[in-house]
Amino acid sequence: TSRESPQTAASGGPAASAAQQQSAGPGCTRSRTGYPQVDVKGATVGFSQSEKEANPFRTAETQSIRDEAAKKGVNLLVTNAQSDLNKQISDIKSLLDRGAKLLIVAPLNSDGLQPAFDAAKAKQVPVITIDRKVTSQPCTDYLTFIGSDFVEQGKRAAQQMIKATGGSGKVAILLGSSGNNVTVDRTKGFKDGIANSGLQVVAEQTAEFDRSKGQAVMEQLIQSNPGITAVYAENDEMGLGAVTALKAAGKTPGKDVKIVSVDGTRSAVQLVADGSYTAVIESNPRFGPLAFETLEKFARGDEIPQSIVISDDEYDTSNAAQKLGNAY
Amino acid sequence: MTTLTAATRTKVLQRQGAAVALTVMVVVSWLTFPRFGSLDNLRDLALQGSFLAVIALGMTFVIITGGIDLSVGSLYALGGVLAAWGSQHGFLTALLLPLVVCGGIGLINGLLIARTNMAPFIVTLASLLFARGLLLAITDEGANTYQVAPDSAFVELGRGTVAGFGYPIFIAAALCVLGGAILNRTGFGQNVFATGGAEQSAILMGVPVARTKVLVYTMSGTLAGLAGALTAAYLQSGVTVIGVGTELDAIAVVVIGGTLLTGGMGTVLGTVIGVGLIKVIQNVINQIGTLDSNYQSVVSGVFLLIVVVLQRILRR
Amino acid sequence: MPTDPVIEVAGVTKTFAGVRALDDVDLTLHRGEIHALVGENGAGKSTLIKVLTGIHTPDGGRIRRNGRISTIYQEVNLVPLMSVAANLFLGREPRNRIGLIDRARRDAEAAELLKSYGITADVSSPLGTLAVGEQQMVALARAVEADADVVIMDEPTSSLEPREVETLLEVVHKLHEAGIAIIYVSHRMDELYRICDTVTVLRDGKNVHSGPLRELPRIELVSLMLGRSVNEIQKHGTTAFGEDHHADTRPVLEARNLTSRPRINGVDVTIRPGEVVGLAGLLGSGRTETAKAIIGALPLDDGTVLVAGTPVPRNVKAATRAGISMLAEDRKTEGIIPNLSVRENIVLAALPRLSRFGVTSRKKQDRIVDTFVKRLRIKVSSPEQKVAELSGGNQQKVLLARWLCTEPRILLLDEPTRGIDVGAKAEVQALIDELAREGLAVMLISSELDELLDGADRLVVLRDGAVAGELEGAQLTREHVLAAIAAEVMDDADSR
Amino acid sequence: MTLTAARRRWLQDNGVYVAVGALLLFNALFTANFMTLGNFTTQLVQAAPVLIVALGMALVIGTEGVDLSVGAVMALAAAIIPLYLGAGPVPAILMALVAGLAAGAFNGFLVARVGIQPIVATLALLVGGRGLALVIANGQLVPLHDPAFLALGTDDVLGIPISVLIAGLLALTIAGLTSRTTFGRQLVAVGGNRRAATLAGLPVNRVLVGVYAICGVLAAVAGVLATSRLAASDPADMGLLMELSAITAVVVGGTPLTGGKVRVLGTVMGVVLMQLVRATLIKHNLPDSIAQMIQAAIIVAAVYVARERR
C-alpha cells in the first residue's frame, strides 16, 4: 500500500475499573435527588465531549462511550465543544433540549460548567462527569465523577522516577497547557512525590501537551542544562517529543536520561517496551462501561459514591511488552 | 470611484445580505430541526450570542476606524478572572475592576496606535500576549480559579432572567442600541467613520483622529472586560481557559455583518446579525448531531466562505 | 485697504529629509485681502499652507494667527465613503434637542447649500460617487461655510470647468466683501489677475517677491517664478503648442459605440497617428469615462476599441500591450505608487521590456529614468527619492514619464497639466506637440479651453456621455466651443 | 538636530539587527552554555520552518494582504505526507506541496478575483483547513518511519542541517525575487497602490494569485520539514498559531503591514529575534506568565523603533 499505517484503532484494552470509591460524605441515591427512574436501555443519553477527537485519549474516550452505548441499546447523542467552554454549556443545554434523559460530560475545565449543571438539574437529568473533576457539588449539581486522580498520577510518576534514577539527579518538567487543572494536579503530585528524594527540578517549561513543542523545549533545555538526567512529561506526546530531541542531541533516552510521562498511548508504551523510555503512568480513557454501569445502578436506586476513582495501570520496562495491547 | 457608486446603489442590499442569509438559515433550521425553534434553544442562542455581541460591538468601532483589535480574546478572559476575584469584595469591585483594567489595556493599545503610528495588528497582538500573561500571573500560572459566591448579587447579573431570557441578553441589546446611536448620531461616531474612511483627509478636516483612535480601543478593551465580567457572573467562576481565538470570532462576525475591514463603513446592526449567523450555524451543527468533530470546523469554514463570497457578489 | 494683519509669518523654515521646502519665508495677510501665492511646482506653496494651518510644525520662524483659518487643500481632502452631507457638516452637524445629530436637517441644509454652488447631487450618497470637480465644490462649500476669518485655497480650480470656476470666483468675491482674507494658490494667471490684490512669489522655498499684484506685469511675474529673464520667456506665447500636425489618413485608434450605462452612451472617437484630438465637455460629461473605456479600465455594456484595425481585449493589460497609455486624472489614487521611488514609478509600466526572463536590469532602468528626468525637468534630489515626497506637479511629470517610456502609439491624457506650473506646463505642452509630430496619436482632455483650442487638431464635444459634435479647422474657436457647450446647457435646462 | 534625525533613521532601519545583537550579548553574558555551536544549530533548526512561512508572509504583506491560513496549510501538508509516503518520499513531498499550492492559489483567487479582503478570505481556510487536515488524517497522529524522509529533518550538509540550508536558500531566492524581478517590483506596486497598478497595466490579479500561491507552497514546505523533524504527522498541532508568529516576525523585521514594501533580510532577522527571545525565556526557566508579558514588551519595543513616522 502507499499509506503509512496510522496508530492502531483506539478500542480494545481494558475498560476503566473503579479502584476506590471515595466517599467523603454520604453517597448519592435517586431518592435523595428525587429524580425519576430512567432505564438505561432504550434511553436517550447525551455525551458532551470537550475537545476534538484528535488525540488518542479523546478518540479512545469517545469510542468507549459509543461502543458501550451501542451494547446497551442506548440512543446516544454526541456533541463536541471544540475546546470552547461556552460552547460546551450550549452543547449540554442542547442535549437536554433534544431529549437526553441521562448525561455524560467530559468537562473542558473544572470550573465554569455550573450553568449547564443547573439546566440539567432543572430537568432532573443526572450528570456523570468523566476524566476531569469539576468544582461543583456532587449529588446536587452532578451525580458523580468517574476518572483518575491526577495528583495521584503525578505521585506515581515521581515514584517511577525515583525508582529509575535511584532518587538523585536533575529533572526537567514538561508542563501541560498553562491554566489547565490537569497540568496543575500532575505538577503538584510529582513535586510532592519527589520532595524527599535527591531529585532536583532544574527547569519546568510548558510544552502545551504538544509533541513538537515538547521536542522544541527539550532541545533548548538540553543545551542550557546539559546535566539533565531525567524528564517528567505531563503527557505522552510531550515525552515523545523529548525522546526525539534527546536522540538528536546524541543522548540515549531511557538510559542517559530517564523519561516518565502520563497517559498510556501506544507509541509511548511501545518505546518503554523497546527500552528507550522509562515508564508511563496510565490515564485510562475507557469510561464507557463504568459510566453506563453507574447510571444503571442509579436507576436501580443504589447508592452512588461522590467520586469514583479508577485504577490506572502503569507501564515500565518490566511489563510494557506484555501489556502493549492495553495501550491506546 | 467607479466601484463606490455600485456600492451605494446596493448598500441596502449589502446590509441585507447578512440579514437575508440569517433569515434563510433560521427558517430552514426551524423547518428541519424541530428542536431548533424551542424556547429553551432560542434563549440559549441569545444568551450565548450576547457575550460575543458585547465584544463584537467594540470591534465594530475599531474596524470602522480602519484598525483591528486582536487583544479582545485575552481581555475577555482577563476580565472574567478579575471579576471573579473582585466579587469577594462586593458587587461594584467585581463589575468595575475588569472594566478599569481591560479598559486601561485598551487605552494603552489606543495610545500606542494613535501616537506612535504602530500597526494596530501588531500592537494588539502584543496585548493579546500581555493580557494572557497577566492572567496567568494573577492565577498562579492558572492553578487558581477564583469562584464567585453563588448567592452574591454579582451572580445575578449573569444568571438572572426576565421571562427566561438572561440579563446579559438585555445588557448586550441595550449596549448595541446605544452603540448604534453613538455611531450614527454623535460627533464621535462621525469621527470614527471619517478616521477610517480617509485618515489623512480627516486630519486635514480637523477631525481629532488620534483621540478617536484612543477612544475606540479603550472602548473595545472595556467592552471585552465587561463581556468577561458577565461571563464570570454567568459561570460563577473566573475561568482561565476561555477566550482563546475569540478575537477571530469577533472579527468574522463584524465582517459578516458588512463592515469593511479597511474601515470607513459599517453598522452595529450588521454585527448583531453576524453574531446571530455564527451562533445559529453552531447550533445547527449541534442539531445535526452526527457530524464528526473534525468535520465541524470544515463546515464552519465553508460556511464562512459562502457568506463572505455571497456578500461580495451582492455588493457588485 | 484694511491694514489689520490676520496672519503674520516671519522667517519660517521647513526641511523634509534633506529637502529645504521653506527657507526663511515671510508673509503678511491683512483682513479682507486676497493674496496670491505663486511659484513653480515644488516651490513650497502647499508646504507653507500646511505650516500655516498647523499640519506641519516649522523648524524655525514665527507664525502669528489672528483668527480662524479654513482651508481647501490641493488634493481633495474629504472622506469618500461618507455621504456628501456628512462631509459638508463634519464637525459641526446640526443637533436635535437631546444633542444627537439631526440627520434630516443636515441633509436638507446640505442640499440647499450645494444648490447655491450649482451642485445638485444626492447629498445622502457617498462623496466618492461625485466627479472630482464636484468634490472640489463640496470642499469649497465646506471651507467657506466654516465661519473663518481666513480662507486658504490651494489650487481650487485645477479640476473645475469654466462654469464652476465662475461660481468659485463669485464665492471668492462674496467672501472678500464680507471682509474675509484669502490666500489663493493657482497656476492660472488669468484668475490671479482677476481677483487677487497682492502676491507672494516663492521660488525654491524662498520668498522672492511680495507686493501688489496688478502693478506687476504678467511677464515679470512669470519671470520671478521661474527665475529666468523676461526676454527668455517672451519667446513663448500663452501655450507652447506649435502648428497643427500632419496626420496619417488611417486612424490608429477607433473607439466605436462605447457604452457603459449610465455614464457614457455610444461614444465614437477616432484618432490618427500624429493627431491630437481634444475631448471637450462639461464637468461630468463623461470624458474621463471615455478615456477609461478606451484603456479597458471601465466595464462596458457595449462597444469596441480597435488599434490599427485590430480589436483590443477589454482590459488594461491588453490595451497597454496594444500601445495605448493613459495618464489618469487623479494622480493620488490612480497614478503614483507612493512608497516607491521616482525611478520605480517611472519604469513601472515598462518593466517587462526592461527585463530579461523576468529579471530586471538596473542599468537599463537608470538610463531611461535619467533621460526622462532631464527631458521633463523633474525636480528630484535623486531618482531614489520617494515619489510621495514630490510636489504635485513633479508627480504629474513622473507619471507622464511612466507612460512615455512604454513607447505608446496612443496616449490618452486626462488633465495632463492639472496642477502644473507655467514653466512645466509649457514643457508638457511642447512635449505633447513633439510626440504628435513623432507620430503618436494623442487624446487630450483638459478643462482649460485655451489648452484644448491650441493643442488639439480636432475637438470632440461630449454631452451627457454622448458625442454632441465635432469641431475642426476654422471651427476651433473659443466662441464655437462655448456656443456648443452653452447650447447644451440650455438643452439641459429645457429638459428639466 | 539632523544628526539625531539621521541616527533615529538609522535605528529605524536597523533596529531589528541591534535587537538581535543585544539579545546575543545578553545571552553570551548571562546564559549558561549559550555560545556553543550546538546551541546555535538548535536555534537555527527551530527557526527554519517559521522563517520559511514568514518569507511567504512577507510577500503577501507586501501586497497589502495577510495570510492567516499558513498554519492550517502546514497541517494539510502534514496530513498528506503519510498518505503517499508508501510510494516514496518524493511523491509524498510533491503532493504536500501541490496541496499548499492549491490552497494558496485558492486564497489568491478569493482575494484577486472575487475581491474578498485578505484577512477574511484566509480566515475561512484557517477555520476549515485544519479540520480538513484532521479529516484526511482521521484525527490521528501518524508516526513516520521512512528513513529518507526523516533524513530531511535530521541530516546535515557540511554541518549545516538540511532544513536550515533549505530555509537559507529560500530566503536568498525570495530576496532575489523581490529586488531583481519584474514580479517582485509589480508585487510592491500592487501593495503600494492597487488602483494605480491596475491602470498602469500591471497583471494585478496574476501577481496576487502568484503571491498567495507562493505563500501556500512555502507554508507546505515548512509543514513538510517540521513533519520530518517531528518524525510524525500531527495535523492537530502542526503549525498552530504559526500565522501570528510569522506576521510578528515580518513586522518586527520592518515590513509595514500597509504593504508596498518587503524587507527579506529584515524578516530573517525578525524570525531570529523572536527565536532568540523564546530561547532566552526558556533557558532562564521563566514561568509562562512572565514569558508572555516579556514577549509582548519586546514585540512592541522592536516595532516601535522600526515604525514609520508620519
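A few remarks follow.
As written, the chains take the letters A, B, C and D, and residue 1 is the first residue of each chain.
What we mean here is this: a contact is a pair of C-beta atoms (placed from the backbone, for glycine too) under 8 Å apart; a residue touches a chain by one contact, two chains touch by 3 or more.
Chain-to-protein mapping (UniProt): B, D = Monosaccharide ABC transporter membrane protein (CUT2 family); C = Ribose transport system ATP-binding protein.
Just so it is clear, the model here is predicted, and its values are computed rather than measured.
When chain pairs are compared by their number of contacting C-beta pairs, B-D comes first.
If you average the CA atoms of chain A and of chain D, the two centres end up 35 Å from each other.
Chain centres here are Cα means. That of chain B falls 29 Å from that of chain D.
Remark: chain A and chain B have CA centroids separated by 34 Å (rounded to whole angstrom). If each chain is reduced to the centroid of its CA atoms, chain B and chain C end up 44 Å from each other. Chain A has residues 52-54, 178 in contact with two or more other chains. Residues of chain B found to touch two or more other chains are 135-136, 141, 260, 292-294, 296-297. Within chain C, contacts with two or more other chains are made by no residue at all. Pairs of chains meeting the touch criterion are A-B, A-D, B-C, B-D, C-D. Of all residues in chain D, only 66, 110, 114-117, 119-121, 123-132, 134-135, 139, 244, 247-248, 251-252, 256-258, 287-297, 299-300, 303-304, 307-310 touch chain B in the complex they form. By the touch criterion given at the top, residues 295, 297, 316-317, 319-321, 326, 328, 333-340, 344, 348-349, 351-352, 355, 358-360, 402 of chain C touch chain D in their complex.
Those residues of chain B whose C-beta lies close enough to touch chain C in the complex are 1-2, 4-5, 7-8, 181, 184-187, 189-190, 193-194, 196-198, 200-207, 260, 264-265.
In the complex of the two chains, the chain B residues touching chain D come out as 68, 112, 116-119, 121-123, 125-130, 132-137, 141, 248, 251-252, 255, 260-262, 292-302, 304-305, 308-309, 312-313. Only residues 31-34, 36, 38-39, 42, 45-46, 82-87, 134, 137-146, 154, 226, 229-232, 234-238, 240, 278-279, 282-283, 285, 288-289 of chain D touch chain A when the two sit together in their complex.
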